Amino acid sequence: MISGKFFAAGSDRRIFVAIVLLVAAAIVVPVLNVAVPAGSAFHVPPYMVALVGKYLCYALLALSLDLVWGYCGILSLGHGAFFALGGYAMGMYLMRQIGSRGVYGNPDLPDFMVFLNWKELPWFWYGFDQFWFAALMVMLVPGLLALVFGWFAFRSRVTGVYLSIITQAMTYALLLAFFRNDMGFGGNNGLTDFKDILGFNVQANATRSALFAASAIALALGVFVTWLIVSSKFGKLLIAVRNAESRTRFLGWRAENVKLFAFTVSAVMAGIAGALYVPQVGIINPGEFDPGNSIEVVVWTAVGGRGTIVGPIIGALLVNAGKSWFTGALPELWLFALGGLFVAVTLFLPKGIVGLWDQWRDARAQRQVSVAAEAGTDIDPTPPKIGRAQSGAPTGEWAKPSGGPEPQPAE
Amino acid sequence: MLEVSNATLHYGAAQALRGVSLTARAGKITCVLGRNGVGKTSLMRSIVGHHRLTSGSVAFEGKALDRSAAYDRARSGIAFVPQGREIFPLLTVKENLESGFASLKRADRNVPGHVFELFPVLRQMLARRGGDLSGGQQQQLAIGRALVMRPKLLVLDEPTEGIQPSIIKDIGRAIRYLRDQAGIAVLLVEQYLDFCRELADEVYVMDRGQIVHTGPAEDLDKPHVRKFLTV
Amino acid sequence: MLVVFTSPASADEAALRAIIAKFAAAQNFKATEAVVQELAATSDPAVERPLAALAEGDLYFRKSDSAVFIGKEAGQAIKLADPLTSAEAGEEPKAAVTKIKVNNALRRSIRDALGGLTLGSPDANARIAAADTMFKTPVAANVEALDAAIAKETIGSVKLKLEQARASSVLVSDLPEDEKLAAIDVIAGIGSRDALSLLTGYETGAEGALKDAASAAVASMNSTLALWASAQNVWYGLSLGSVLLLAAIGLAITFGVMGVINMAHGEMVMLGAYTTFIVQNIIRTSFPGLFDWSLAIALPLAFLVSGAVGLAIERGIIRFLYGRPLETLLATWGVSLILQQAVRSIFGPTNREVGNPSWMSGAFDIGELSVTWNRLWILAFSLAVFFLLLFVMKRTSWGLQMRAVTANRRMASSMGIRTPWVDALTFALGSGIAGIAGVALSQIDNVSPNLGQGYIIDSFMVVVFGGVGNLWGTLVGAFSLGVLNKFLEPYAGAVLGKILVLVLIILFIQKRPRGLFALKGRAVEA
Amino acid sequence: MSKSGTILYLDGVSVAFDGFRAINKLSLVLDRGEMRAIIGPNGAGKTTMMDIVTGKTRPDEGEVFFDGQVDLTRHDEAEIAMMGIGRKFQKPTVFDSHTVEDNLVLSLNGPRSIFPALFHRRSAEEARRIDDILGVTRLGDKRGALAANLSHGQKQWLEIGMLLAQDPKLLLVDEPVAGMTDAETEETARLLKDINQTHSIIVVEHDMHFVRELGVKVTCLHEGAVLSEGTLDFVSSDERVMEVYLGR
Amino acid sequence: QEETIKVGVLHSLSGTMAISETTLKDTMLFLIEEQNKKGGLLGKKLEAVVVDPASDWPLFAEKARELIAVDKVSAVFGCWTSVSRKSVLPVFEELNSVLFYPVQYEGEESQRNVFYTGAAPNQQAIPAVDYLMNEEGVERWVLAGTDYVYPQTTNKILQAYLESKGVAKEDIMINYTPFGHSDWQTIVTDIKNFGSAGKKTAVVSTINGDANVPFYKELGNQGIKAEDIPVVAFSVGEEELAGLDTAPLVGHLTAWNYFQSVDTPENTAFIDAWRAFTKNDKRVTNDPMEAHVIGFNMWVKAVEKAGTTDPDAVIDSIIGVSVPNLTGDLSSMMPNHHITKPVLIGEIQADGQMETVWETSGLVVGDEWSDYLPDSKDLIADWRAPLSCGNFNVATGKCGGKGIN
């Protein structure tokens, strides 16, 4: 049974711990925020709830990228687009919830439409007054975009940098498009001034706590789903595609469908992350489509350790916490600190933070082997199998057409 | 000329070489044999500087090489034909050959005529990209490329792999020619027993990362040596 | 405005001075304008000096006695000169004088007034300028003056201009119809936009044969101008392409050849631009005469600065990452943040001024094609850099070693190639070239810490669109994206145009999954 | 020539790369259940012929039929593989970042779509086959090792193992014994003969001892076309074959 | 440790907006230091809390929350772009704090917790157009802007205004470009062609930020002279011009409420003190800086008046507060949370300064709801009790916008 494997000790324990921690946070943090009085040492201030809730959404985004990049070798430089689309779908719902409480008091049209002289609601805004519809769109829109985009790209065998760059072009084009007021999504200012969600005031403490809990649960679910995918035979196939796409074809696998599935699932996850993010930060605007944002997601993932499930989560939490802290504590110098962190991580933690942990475990295992060897017993000297996609070997995705820089030890 | 003493090599926790010692003399052909996975390639790569030994040493012309990088070893006269060919796929055949110029003085920077005598196909394909060649053609290019370097020691890891029989014979002749005329040392890994028996002045047989037999080529017919080469 | 040109009357100097003195009392632009008109009406060539000074904002009056002077700033003081004779008249502190204010409308009427006055100038260029002004602002009364000037004129090109000016004035005069028809012919022959706008304006008010003639002329001019417009578009496209090429070309080395996902590429460009700024700053303060040479001096320095920084990055970071191309993205992203902030801390967050040397300023016309000098030089420069680099890569042993090392570092080492050197120098070369691109880009764009960020996406787009690892691909990619962009822009607008270009890139990559100049064959798939 | 009864049917196939004709009006027919050895000089077009059959390279002209009726030029690599054509590459190509065992798991025949893979559980039958193959290829003690860390010869064996796991109707085997000891070469010949009981096979090799061991019909290619065909003795006594291939 | 009053400074010190906003951070530090020299406020020292929202809009919201909830600042001075302001608005509303926003913007907003010390469109755009129409006789208009809300809205207002003045539709050309647009060749040519139709033409530029430098460079190189086609810009100040060779641009116009060149004793003293503070005798000043000066002084006065920094008290007491601006008048906080300002039109000089060529005779009250947009012309804001409403509809007599018509 799946659960049997899931609770087994060893390789997958880390995943289990992560899920337990997230579920616990989903329960405990809201309680400590809402039920514990503000003076108490155990009180979690609302400020923290909002902040960490936001990080959890970023973590889900990073996790979704890891599914395609870490396991399938698709370096998407446009994952922010799926996040933003999910966010916009949620934002549209929240806009419609404002009703006649907008500054112009128009019950049908959001404020920005009124003051740009729109006469009626554009067709693509229909249905967003219903939560179920918006929730559906949160998954459907990014999923569909990924499906169509991926279908074309993977079928044409666009790989490596070429794929990365067209994903970047995609998010850049969307950035420019959403910037335009004529698009009907509020232009540069985006969607903002939200009042309530499902009838609850978005600014109320309890709502914030609930959103935090929802984010933690969504992330836990994301971890679980990702784990299910990568630990199945399909997961091995993902890695095989990353490693030698054309070889999988000669074994009869349709590499393009494999990638398409992972890409779409990942886009849906990113969309959900975006949808949870928007009510917590209170605004969604085209800045989320900025190619720089998508690159940052790649950076979080790399910092935590790609091809591991918990790595990207740790990376996203850490880098964002660092950014929050540095921008307050060292407002003039924080870029040195952050930039230095990225350089240091690459040089000293080549496989990210989780990689460091694994290395340490390997080293310990190795010590055991040598001890055992001295004692005359025989231990299988293969490295311990861990939750990480083995990425010791080259993955040619960014390698140039052919033989591009091959992995070789530096001299 | 080349002196390997007590070499050990680890890949992480796994040990590939266990105290290997070997000598390759100038004007002689030294052949290393052994089953799959016994460590032949690991030994060759340690000699040319692709792997750092865990312990033991490699000396060439009396100088210890252990600290020098692969390019310094190449510049001191060691040429390498690796298993798996490793030609530069996007460089043309001509450029692949010219990549061997790096270790030569400006005046010597030309492709010796015997390279094209030995492998006429290379002359026809000078402008084609190395990666487009057939497997055997690539192997010929890899050998030709090593010869451009005018080496004092030629390290060949299964050079006949994928090459048609007539050219294998030519390669044999060429190796002998290089030994006799240029007096260079040749270190050869080979699975193809007949080829080895014909050429070798001295053979080393490996098993599980160790040298288990040393002797002249004729020893290869002895059963206690043979047993290391059967399944 | 009625000015008599035939006999440059010399008004009495005292009368002129009296008029000039009125400037001090003029409270607003209308009043100043009246004084200008009064001066112009004297038709005395001597008024040219005070009027020109006024247009330049160099006319002052002394607060103590309301005397009017031409002033030149000299530190905290103003050097005064007599408005008519230019004789020196001492110095006053800034606070003691008041500048006589001008605005655009005033400058315009001074220009018109001066136009009339300079028609008889001994300087041929001044006469041409006068003729141009009269051409654009036709007045019936000018015909007579122009006739006289044409009769006296000896230089052919000036004469032509004068005749064109006369034609435009004839149109608004009450001369007979056949004169006007001839004038329409003359104007139609010019074929420029100014001529077109003149005729279009005339056409609406004209009647009968004149209207027909004007309409026909307008129609034919419109069609030739449309042709010129597409030529102009091609030129703009090439020029945008050259900027893209410059931005991308260093990346074609560090990324295209070496495979380093160099997110700090833009910052290398930025360092080149800041080097230009420093060079110009030193020149401005210490060697002002060398200003026209500033770019030539900055070029090698920028190459060295960016190259040295590149070298340091390669030795300090990149070389540990050759086995892991993807990690270079993370590390160079960090480097780019550090470099941006370093420049921000040293030079401040705002734009820095980098000037155009005189040979990079202005524009010239080929027919109706207007070509700005800076764009032309940048195009020439980008091509020069490109071919130089192509030569290095394809024809030198260094280029061969570079390609061998990046294809298979371990094997290249076994061929005797000093791979650390080659790596370091290659990265330095790519960075250095980014640096000299920065020198060129400083001529058309902001020099600010964000400079690099503006080009990084475009650079990657160009290199990848052209086909990674292929220099020709980068060239063709840059120019085709440039031209495509410029042909879309007039129809779709700048924003939609850019979106369309991105969408077309996405679609194009579907057709050619390995870029424009895709490498084909086994070598690639292996 | 009739296609029926053939497992592979090539007629008049040509392919050129930038004007260089690598395959030149090649015709070749393999009967069901047959094993054929193909020899020929380096660059004769042997590997290219396999590329054409497996859908990697599209021929410029000519007919390529599988199993008498399937036009292979209309299908892509994955479809062709699913029909039952398996291939071992000249340069051993395995999934470096997977263990030996996982390489085999991915090769085992069975459904090839997403959802079955997602919900796949390994059956006892599959486990047994993997053990068998590991035994045959003598990689049992490398079961958990990363394929990247295998020696050259071990990769050759792994790829043969993957081909076995795939269990295709037609096996295309490009230089299987390169880098193997003489003893292993004999072993491989035995193995192929064994498989030939139930499968059709094309083997490319330069090792004449091995080809002799197989004892099957031999085709010699040269410059993209058939130079000679028949028993090994017949072919190797052909003057032209000696001239261009075997040497004197 | 002695108790201080904390003041939040929320300006981007990195990213794309650092180029403009960093100076405002310095201005706030300067003002706070000056105030402390005068003995602080309510007997306490002021303390600046500087954070870097890094030109990242959601980060603005996060940092605003941090300033208010964690650092417990009494007021925040910050934001530049409208989107950053929109992003922090809900935070100020929720946590009930005050924000002083110093930049010219598109209007159509009046929020209880925000004080708008920059210009509304009627304090900048409309007077500029009036000037061009009356003084320069302009009949044909190019409205060129960066493609986002501020230019789009401003241009909508201007278009309505121009049409109300009888300008024909075909005499208005509207053009938008992306942020950071750097290749202006086509557009400058279009402007040139549009301007050669025989009618006096001018460009009204709402081009923002980095795109301005290449725009002006291209104008200069293509030889568009101010006498032929003047350009009036709303987002180009002394700071932006410092990065440009302004010689070819002499005569082009800008419209602001303050120029560094304004010749008043207040301004001279301010510039001297500012240069002493920054230890840079070339450091320029600009309009948003002046807005912060006014806003800060108003806040100080309001706090003194209320005797507390409590936001509710300050919000009540600040209305009607007047402080000297740097152009020699008294600016007052109006009930709509906008202030009164003079409007100046300046021509760019060769030294990068602006020379005032026209100014309004008196101060202009910021109009939050434009009279030229159909849906906002009936709205007013008045935050005094009992109305206390940001969108009071004078037609229906109800607070809460226009409602359905």
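Quick notes on this one:
Each chain carries a letter (A, B, C, D and E) given by its place in the written order, and its residues are counted from 1.
Assume contacts are C-beta pairs under 8 Å (C-beta built on N, C-alpha and C of every residue); 3 or more make two chains touch, one makes a residue touch a chain.
Computed from a prediction, not measured in an experiment: that's the story for all the values here.
Traced through touching neighbours, the fewest hops from chain A to chain D number 1. Among the chains, the centre nearest to the mean of all shown protein C-alpha atoms is found for A. Rounded to whole angstrom, the centroid-to-centroid distance between chain C and chain D, based on C-alpha atoms, equals 65 Å.
Chain B and chain D, compared by their mean Cα positions, are separated by 29 Å.
For the pair chain A and chain C, the distance between mean C-alpha positions equals 45 Å. Distance from the chain A centre to the chain B centre is 49 Å, each centre being the mean of its Cα atoms. Multi-chain contact residues of chain E, defined as those touching 2 or more other chains: 13-14, 147, 176, 178. Among the residues of chain A, those touching two or more other chains are numbered 176, 179-180, 246, 332, 335, 394-395, 402-403, 411. For chain B, the set of residues touching two or more other chains reads 14, 69-70, 88-90, 131-132. Across the complex, chain B is touched by residues 17, 20, 40-44, 46-48, 90-91, 138, 149-154, 156-157, 175, 178-184, 187, 206-208, 244-248 of chain D. Considering their complex, residues 228-229, 232-234, 236-237, 239-240, 242-244, 246-255, 257-258, 261, 380, 382, 385, 389-395 of chain A touch chain D.
Touching chain A in their complex are the following residues of chain D: 54, 56, 76-78, 81-82, 86-87, 93-99, 102, 105-107, 112-114, 117-120, 144-146, 148, 162, 166.
Remark: chain A residues 45-47, 50-51, 54, 100-108, 112, 114-117, 176, 179-181, 187-190, 192-194, 203, 281-283, 285, 287, 323-324, 327-328, 331-332, 334-335 touch chain E in the complex. By the touch rule above, chain E contacts chain A in their complex via residues 13-14, 50-54, 56-59, 61-63, 65-66, 69-70, 81-83, 86-87, 89-91, 93-94, 108-109, 147-149, 152-153, 156, 176, 178-179, 373-376, 379, 390-391, 393, 400-404.
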